Structures are given as structure tokens and as C-alpha cells.
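Heads up, the next two complexes both have chain A, just with different partners, chain B and then chain C.
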Partner chain A sequence: MRLTLPRFLQLAVTLLTAAFLIVPAIQSIVAGLTVNYFRGLSSGLTLRWVGEVWRLYADSILLSMGLAVACLGVTLVIGVPAAYALAKNPGRLSRILEEFISLPLAVPGLALALALLQLYGSMTGFRTSWTFILVGHVLYTLPFMVRSVLAVLMAMDLKSLEESAATLGASAATRFRTIVVPNAMPGILAGALTVVTLSIGEFNLTWMLHTPYLKTLPVGLADSYASMRLEIASAYTLVFFVMIVPLLMAMQWATDRAQRISR
Partner chain B sequence: MTLTIRNASKTYPDGTRALLPTDLTVGQGEILSLLGPSGCGKTTLLRIIAGLETPDAGTEVRFDDEDVTRLAVERRNVGMVFQSYALFPNMSVRANIGYGLKVRKVPRAEREQRVDEVLALCRLGDYAERAVTALSGGQRQRVALARAMAPRPRILLLDEPLSALDAALRDSLRDELAAMLRQFRITAVFVTHDQAEALAIADRIAVMSQGRMQQVGPPEELYRTPVSSFVARFIGNAMPLPGSIVDGRLVLPGGHLPLPAGTSGTEVFVRAEDVHLDDAGPLAGTVETVAFSGGHYRIGIAGITGETLFATHPGRQAPRPGDSVRLRIDAGDLLVLPQDRS
Partner chain C sequence: MANRTFIGLCLLPLAVFSLAFLALPLVRLVMASGEGTEGWGIYLQILQTPRYLQTLLQTVLVSLAVSVAALAISTTAGLFLARNRFPGRGALLSILTLPLAFPGVVVGFLIILLGGRQGLFNMLLPGHVVFAYSLLGLFLGYLYFSIPRVLLTVMAATEKLDPALEEAARTLGASPYRVVFDVILPGLAPSLVAAGAIAFATAMGAFGTAFTLATDIDVLPMVIYTEFTLSANIAMASALSVLLGLATWVLLLLARSFAGATVAAGG
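And now, the complex of A and B:
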């Protein structure tokens, strides 16, 4: 393959774009591991800043993980049966409902948070508890769960499968447990990973809803950039990466798999 | 088990009458086929028997002496084979077959034993641990049958069990299915639109059209003495001989035919195998097409009726297109039927 001018330009643009994206990330990671960022790498490498991050922000990290798990639990309990109901009753009303559930995707997180504050802001106990942020996260992530499960359910012959299970003596609850859920599993898995990833990374809405005692991982990150030395903020980025990148990769894999099935 | 259906009907919310009031009895161990074109109500009737469709008020479905009309599908103890087979893709062959026993909480040891029995009966032993997605069409059909039979249902219902297979496989599996159903000695109802399937498998056939039961009887009876032109056309592809009846003779463009004595019908039909080439025959026509199909020729002849009349010709030699031929149809082979009410 000869390196003609157009091909060379193509390659150059691609490499430049990649560098544009990757260099700051590397720089930030390196900064988080350097003894003194302003003296550069020659000052030596250290895990001290990572330790500092843990000391200062362990609560945020644990809160984010707890929130993600709770958010996953709620979206599973609401989202899977909702997707099942939508798949079983296809029709105009179902389409409208589906769009309605997806509305939080189109509305900016800030607006969503404002609405929640206006509605529940005066309920102090609720306002200052972590469940307040959970409500925001559920609103924001639910459409991803419903759509992911719905796509897989629509791709299979749900009606015949359920009818044949019924003739074999299975009640509605048994059919849901033994036929619907296991066959929807690729969609549930893809939805679950998406929900966890989004919940851990969500900043917009969470920033509006948080209190000084309730900072999630990304809110803590903003806080560390605003008020800590650069090394600590960079080490924080590193921690964030370590948590979110494997999740992102798993999500990509699960979503691909679910899409293969629904095609 | 004896299945008794009285006054079964189904009207959809939009007013479509899928099934007009119908009575039907299927005896112990009998295999009955519901035969008809698509949309004739045969699948609706099958689903009413299964409990998958709620019939109109006034319908009565009895399994022996028990009225099951209002019994939920999961408590009726029916075995059903679906058109698409609807095997559970998340389970192995063994788990599919054992599903009905498992949800009925049959103890594990007994369950395994029953599954092994059915696996052997349906010659699926070698495939027990496979995923159902790794099976051929014929194997899937056997798994669907085995799964329906494992819980020992009171009645077996089959919805177009062969239509998902390709044509070559369908013919060979038809006889296999017939043999297996006989072996089970179970009361069975099976729906099909293919007359060859119904003739090969069923003890009795119920021909349906436009939501109505046209005729119920053994295959030979339906073939030889159809009560309506629909049945005559649908079973054995009888061809109409449109002509006027004058003095006990049928007057056709190609000649006159004597009718059997004492008939009161107004429409006359004949089957291709009863149309004979005979130089002394009373009908004259021109050969239009000749198709060789192994044991016989199928010859299309113009000029007898308004349309092409087909004759099955068993000879070693056939006339050529364009030849003039004479035909004979024996009076006893004519089907003289009343006009269809439609």
C-alpha cells in the first residue's frame, strides 16, 4: 500500500485526533503519580496522592458505588417488568409510553434536577438523604434499561414461548421467572452495565442535587479540581479512570451482544 | 379422553366472526384433523380447546365429563405443538422436555425417568444435552412433540406441525408423525391447510371454511362423497363441469354426459383421475398441455368446458399438444352436489 498524499493526510488527521484525546489523559494520569508536578517527572513517582484521594474522598467513592448499586436495583425492579408489559401489549399507547419514559434523555439534567428540587426541596429529610440523588439517577437511567430489555424481548417470539409454557402448566409468575427473564438476560445485562456506568459518571443532575455531605465521585472530582492541589485532582482522575473504564468496556461488549440477538 | 365441543364460537372485538357456532366430538384415542384454508377458523377452534382463546358466551368445552370452558390454560393439562415449535432457547433439549414436569413439581427422580422415556420414544436420546438452537427442523419438531407429551396430557393439540419444514422433509416427516401419534394412543386434534397431511394422518377430518364446519368424516368418505363443492374442490381438487342439466344429461360444450340416476344436485364435479382418454368417449376436445410426472401423464384438455380440464393418463404414451382426443367420464365418478351457500 503506497502512501499517497490523500492517504497521508488521512493518517495524519487520525493520529492527531487520537493524540488530542489521549495526551491529556496520559498527562493527567502522570501528574497524579508525580511527586511535584511543577518540577516534572524528575521529582520521582509516588502513590502518595492516590492515598490522599482515598483519605479525602473515600466517602464519595463509596457513595457513588452504593448509589450505582441501588440505582441498578430500582431500574431492574421497575424497568424489566415495564419492558415486559410494553412488549406484551404492542400498540399506539405502548409507543407513547415508551417515548414518555425516554423523555429524561431529551430534558437537560439541570432542568430535571430543578424540577425535583421544586417538588421535593421542602421535604428536608428526603432532600438531604442520598435517596434524593437516587431518584434523579433512576429517572435518568431508567430509559436505558427499558429500551435495552424491550429490544431483546421484541426480537423473540414472546407470545408463542409464553403460550407453550402455559399449556405445559406454568402460571404467569412462573412463566416470567423461567422463560421471560432468562431469555431477556442479554438485554438485562446490557441495560444493567449501562445503568451502573451512567450512574457512576453522572455529573450534571447530581451536581444540582448534592449537599456538602453527599458528594458523588464526579462531584468530588470537580471539588478536588476547585480546592486541592493539582496532583490530588489528577490522582482523583486516575481513580475515576480505574473505576469507569472497565465498566465502559463491559458495557460495550454486553450491548454488542444484545444487539446481535435482537437483529 | 373424549373431547366434546358444543356451540363453540368466537367473535373478535372488532366484530370479525372467526368461528361460527360449531359442534364437534373427538373420541378416545382418535386423531382428528381440522382442515381448511387460512382464515377458516381452524386455529381459533384449536386455541379454544387449548384455553388460549376465550370463546363467546354459550360455548361449552368438555374433557370427558368435566366442563373445562372456564378452566385456565395452565390447569387444563393439554399438550400443544406450535407451528413455530416455540422451544425455549434458554434450555437444553432435556430441560425443554422436562419443563412441564418441573413446573408441576414432579420429584426429580421421577422427572428424569419420564424424560428419558419420552426421549427414547421420540428417538432423541443422542440429543438430550444439546441446545435446541443446534437442532435441525425435524429434530425440533420431535422435541416439541416430546415436550408436549412428557406431562401425559389429556389431549394433544398440533397447530400446523409440519408447515415450518421444507417440502422434501415435510413428506418424510408426515408418515413419521402419523406413526408416533398412533404409538402415543392419545386423543389428538391437529390443524392443517394441507389435504395430503390430513389424509395421511387423521382418522377423521373436519373440513372448515369461513368459520363454519363443512363436513366431518373419515378421509375416504370426504373424498368419495363430499357434501359440498367446497369439500370436493379442497379434498382431491375436484374440477367443476359447468353445464346445463337437461333430461338427466349434462350438456357441455364438448358433448353430453349421462348423469347418475336420481340426483338432485345442480353442480357437477369430476377428479382428474376419473377422466379417461377413450376413442369411443362422448366428449371431444383438444390437447393443450402434457406434463409427465413419473407414473402418469397429466393432460390439460381444452374445449370440454370453458376452462382447461385435466386428465390423469396412466399409459406409456401420451397425445401431443394440438391433438384432438375423445374422453369418457363414468356416471358413477361424477360428483353431483347442491349449490354452495356462501
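And now, the complex of A and C:
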């Protein structure tokens, strides 16, 4: 690569942008492992703050993991069959339905949470249980699952595969189980990783839906930013990074793979 | 089991869930906005109250500034990364797309680490350089989560451009600047409009970042939040939510009809 002036300027913008994004992330990692951030690295490195985070917020971290798994289960049960039905009937009605369930991607989570609260807020048993938060997470992640599976299904020759199976006597349910699901696997995997990643990081809906006894990881993060010393807030952010970054990388890999297949 | 019945059964869980937890709640939200003392006149009241008008204006202006900045930065970096191969490119690309899954609150905290009282800038230049809680901090926070999204859209669009067009322009004697402004940018235009609209809509609705940074700044999501929790002004919170939701939804719909698929999430 020859470094001309325009190229040099482009490189400078790219590097500055990367610095803007990565420097504060590194700062939070360092701060979470430093004895006293204000005095700097010379005060020594410690895992004390990470331990403190576990003592204070283990419940939140575990709740988020449980919610993500439950959310994945629900989006699989609702999303995969729905994507199949939409792929079988690619008409106007299907487009409208797909558009409708994608509303939570366009309408801010805060507005959706207010809507849920006003309809279900008075049902105390439901309102104060973890399933209320789960509903919010499913609402937000479901369109990713449906679209991811739908894209893969639309790209393959579903019709002739199913017809050959049908002539051999396979029922609709058998065809779904033995042909549709295995062939849609790349889409299901990409959708699943997206659902888990987004569920663990979801804040906008969850902040409104949570109760004092049910705080998810990001809710706990907001709590620590507001009320804990910088080292603890940073250590908690570090714990979050350790969870989310591998997931994000797996998600990007799976999404690229699914997109290559559906091309 | 007949084919049609099976497909109906496949759609049933989705239909039940979306009806119960999306359609009905949204109807309830719209209804609730008209149940205040003002009735449906509440929408008129928004337009007549200086505080709400100023909030709307401020939200639109910040979002607009973020979209323009994110477009300029991400197009520059995206074109560079798409067109050049060099050692470290993969690492740069990873860094630039990493924040995609960061919740808004985390982005807010990262801005505090840069521009807060104990922030990097205040440590390097101890002349009280604190900008995290100002409009600039909010702008930088929104920019932080917008850059990866716009970058990915730009790079995907660049890969679809026909390199023959650029070569043709070059053989015809166009300077590199002319190639960029007459060939590449017009080719990217639909994707840029779409990416800008996504950035704008996401910034308009961003709650997490505003929640950490905008304690003193009136942006729409924060005003909705305080109307709901502090003032218990349910009707006004609902009306503002309806306005915000409609605005972002219409914008993204327009963007999509302009240029294919979109990625919008979080904030």
C-alpha cells in the first residue's frame, strides 16, 4: 500500500476513531484491576474489585444468564416455526406480519416498556415476576430470530425438498423436523447467538420493567455507575465485557456464515 | 395433518405473543395518551409548551449532528478499510465494530471515563476538562454507538459497488477526488441515506446513554422517563412516547424502502 496524502488522511481518521472507541474500554479494564485508579497503576494491580462485584452483583449476573437462556428457548419455539410459515407463504400478508413483529426494532424500548407497564402493571403477580422482564426481552429479540431463519429458508429450494419428502410419505410435521430445521440450522445458530447477546445487554426495556428484587446485569451496571466507586463500576464493566465480547464475535461469525449461505 | 393446518399451527405462537404483548400494549399506550385532563388535546399541548418544544428541537438537533458526524467518519474509515489490505486491518475492523453490542449505559460510562471528573482528559489536562455531562458528552456517547452501525452498512455497500466503474473513470483521466465524489459517493448514496436514518432514529430513542449522561439535559427519552416516574404524568409520557415511536418507525420505514436491509438495535 502506497501512502499518498488522501490515504494518509483516511488512515488518520480511521486510527483516531478506533482510539476513541477502544481507549475508554481499555481504561475501564485497567481501572477495574487497579488498587486505586486515582493514584494510577503504581498503586498496584488487584482482583479485589472483581471479587467485590461478584459479592454485590452475583444475583444480577446469574439472573441475566438465566433470562438469556429462557429468552433463547422462547424465541426458538415461537420464531423458527413462524419463519417456516412465512417462508411458505411469501405474500403481502406475510410481509405485513413480519413488518409488525419488527416494530420493537424501530420503536424505542422505553415506549414499548411504557405500553407493557400500562396494560399489565396492575397484574401484580405477573408484574413482579421475572417472566415480565422475559416478555420484554422476547419482544425485542424475536424479530432477529425470525429474520435470520427466514433469510436462510428463502434462499434454499424448500419446495422441491419438501415435495420429494412428501411423495415418500413424510407428514408435514416430519418434514418440518427432518428437512426444514436441519437446513435452517445456520440461520437458527446466527439468530440464537444474536438473541443471547442482545438479551444479556438489554437495558432500555429492562430498566422500566425490573423490580428492586430482580435486577439484570445492565440494570446492576447502571446502579454501580450511580452509586459505587469508580473501581467497582469498572470491574463490573470488565465482567460484562468478558461475557459479551466472545458472544459478539461468535455472533458476527455465525451471521456472516448464514449470509454467505443465503446468497 | 393437512398442510394448511400445520402452517397455521406454526404461526399460532407468534400470533398469540404479538397480539398479547405488542398489539394490545401499543393500543393501550395510544389510548392512555388521550386519558389526561386535556384529552386528545394533549398533542396540541406538546406543541404549545416551550419546554417540550425545546426538548423536541434539542433531541432532533443532537441526533442530526450525530448522524452527520457518524456518516462522515464511518464513510471515510469504511472506504479505507474496504479498499486497502494491510497488516492490522482485521484488528482495526474488530475495534470499530466491537461496540455494536454495548448497552447504552455502558457507552455512557465509557464517556465518563473519557470526560468525567476522574476522566482521561481531566487527568491529562488538569484544567477542569469535564465534558461528559454536557451536550458534547451526549453527542460523543451517541456517536460512539452510531459509528459501528454506519461503518458496517458502508462497507457492505462498498463491496457491492462495481470496481469497473472506478477503473473506467480513472482511464478517462478522472482525479482520485473526482472518482470519490462522482463515482463512489453517488454509488453509495442510497446506503448512506439509509445508514444516516438509522443513526438518527437510534439517537432519537437512545435511553441508556442519556440515562447515564443527560442528568441536566432535556432529551426526549429522558423527559418521557421523568414525566412517567417523577411527575406520574402518565398521559404526557404516553403521548411523547407515541410521537417518538411514530417518528423513529416512519424514518426507518423510509430508509428501508430507500435501500434494502437495515441494522438497528440498542442505544
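Keep in mind that, in the parts below, the second predicted complex is superposed on the first by the 260 of 263 C-alpha atoms of A that agree within 3 Å, B and C clash if a C-alpha of one lies under 4 Å from a C-alpha of the other, contacts with A are read in each partner's own complex, and residues count from 1 in each chain.
Going forward, a contact is a pair of C-beta atoms (placed from the backbone, for glycine too) under 8 Å apart; a residue touches a chain by one contact, two chains touch by 3 or more.
Note that this is a predicted model, so its numbers are computed, not measured.
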Taking the superposition as given, does A:Met123 touch the first partner, chain B, the second, chain C, both, or neither? neither
Let me test your reading of the model: by the given contact rule, A:Val242 touches which partner, first (chain B), second (chain C), both or neither? neither
Counting residues of chain A in contact, which comes out ahead: chain B or chain C? C
Touching partner for A:Ile179 - first (chain B), second (chain C), both, neither: first
With both complexes superposed on chain A, which partner does A:Leu62 reach: first (chain B), second (chain C), both or neither? neither
Should A:Ser160 be classified as contacting the first partner (chain B), the second (chain C), both, or neither? first
Kindly classify A:Pro104 by the partners it touches after superposition: chain B alone (first), chain C alone (second), both, or neither? second
Please indicate which partner A:Leu168 is in contact with in the superposed arrangement: first for chain B, second for chain C, both, or neither. first
Kindly list the residues of chain A that each of chain B and chain C touches, one partner per complex. 171
Touching residues of chain A toward chain C in the complex: what are they? 1, 4, 6-7, 10-11, 13-15, 17-18, 20-25, 27-28, 31, 37-38, 77-79, 81-82, 84-86, 88-89, 97, 100-101, 103-112, 114-116, 118-120, 135, 138-139, 142, 146, 171-173, 176, 197-198, 201-204, 207, 218, 221-222, 225, 230, 233-234, 237, 240, 244-245, 247-249, 251-252
Residues of chain B that touch chain A when the two form their complex: 50-52, 73-80, 82, 84, 86, 88-90, 99-100, 103-104, 147-148, 151, 157
Within the complex, which stretch of chain A touches chain B? 156-157, 160-161, 163-171, 174, 178-179, 182-183, 185
In the complex formed with chain A, which residues of chain C make contact? 1-3, 5-11, 13-14, 17-18, 21-26, 28-29, 32, 73-74, 76-77, 79-81, 84-86, 92, 94-106, 108-114, 118, 120, 140, 144, 147-148, 176-177, 201, 204-208, 211-212, 221, 224-225, 228, 234, 237-238, 241-242, 244-245, 248-249, 252-253, 264-267
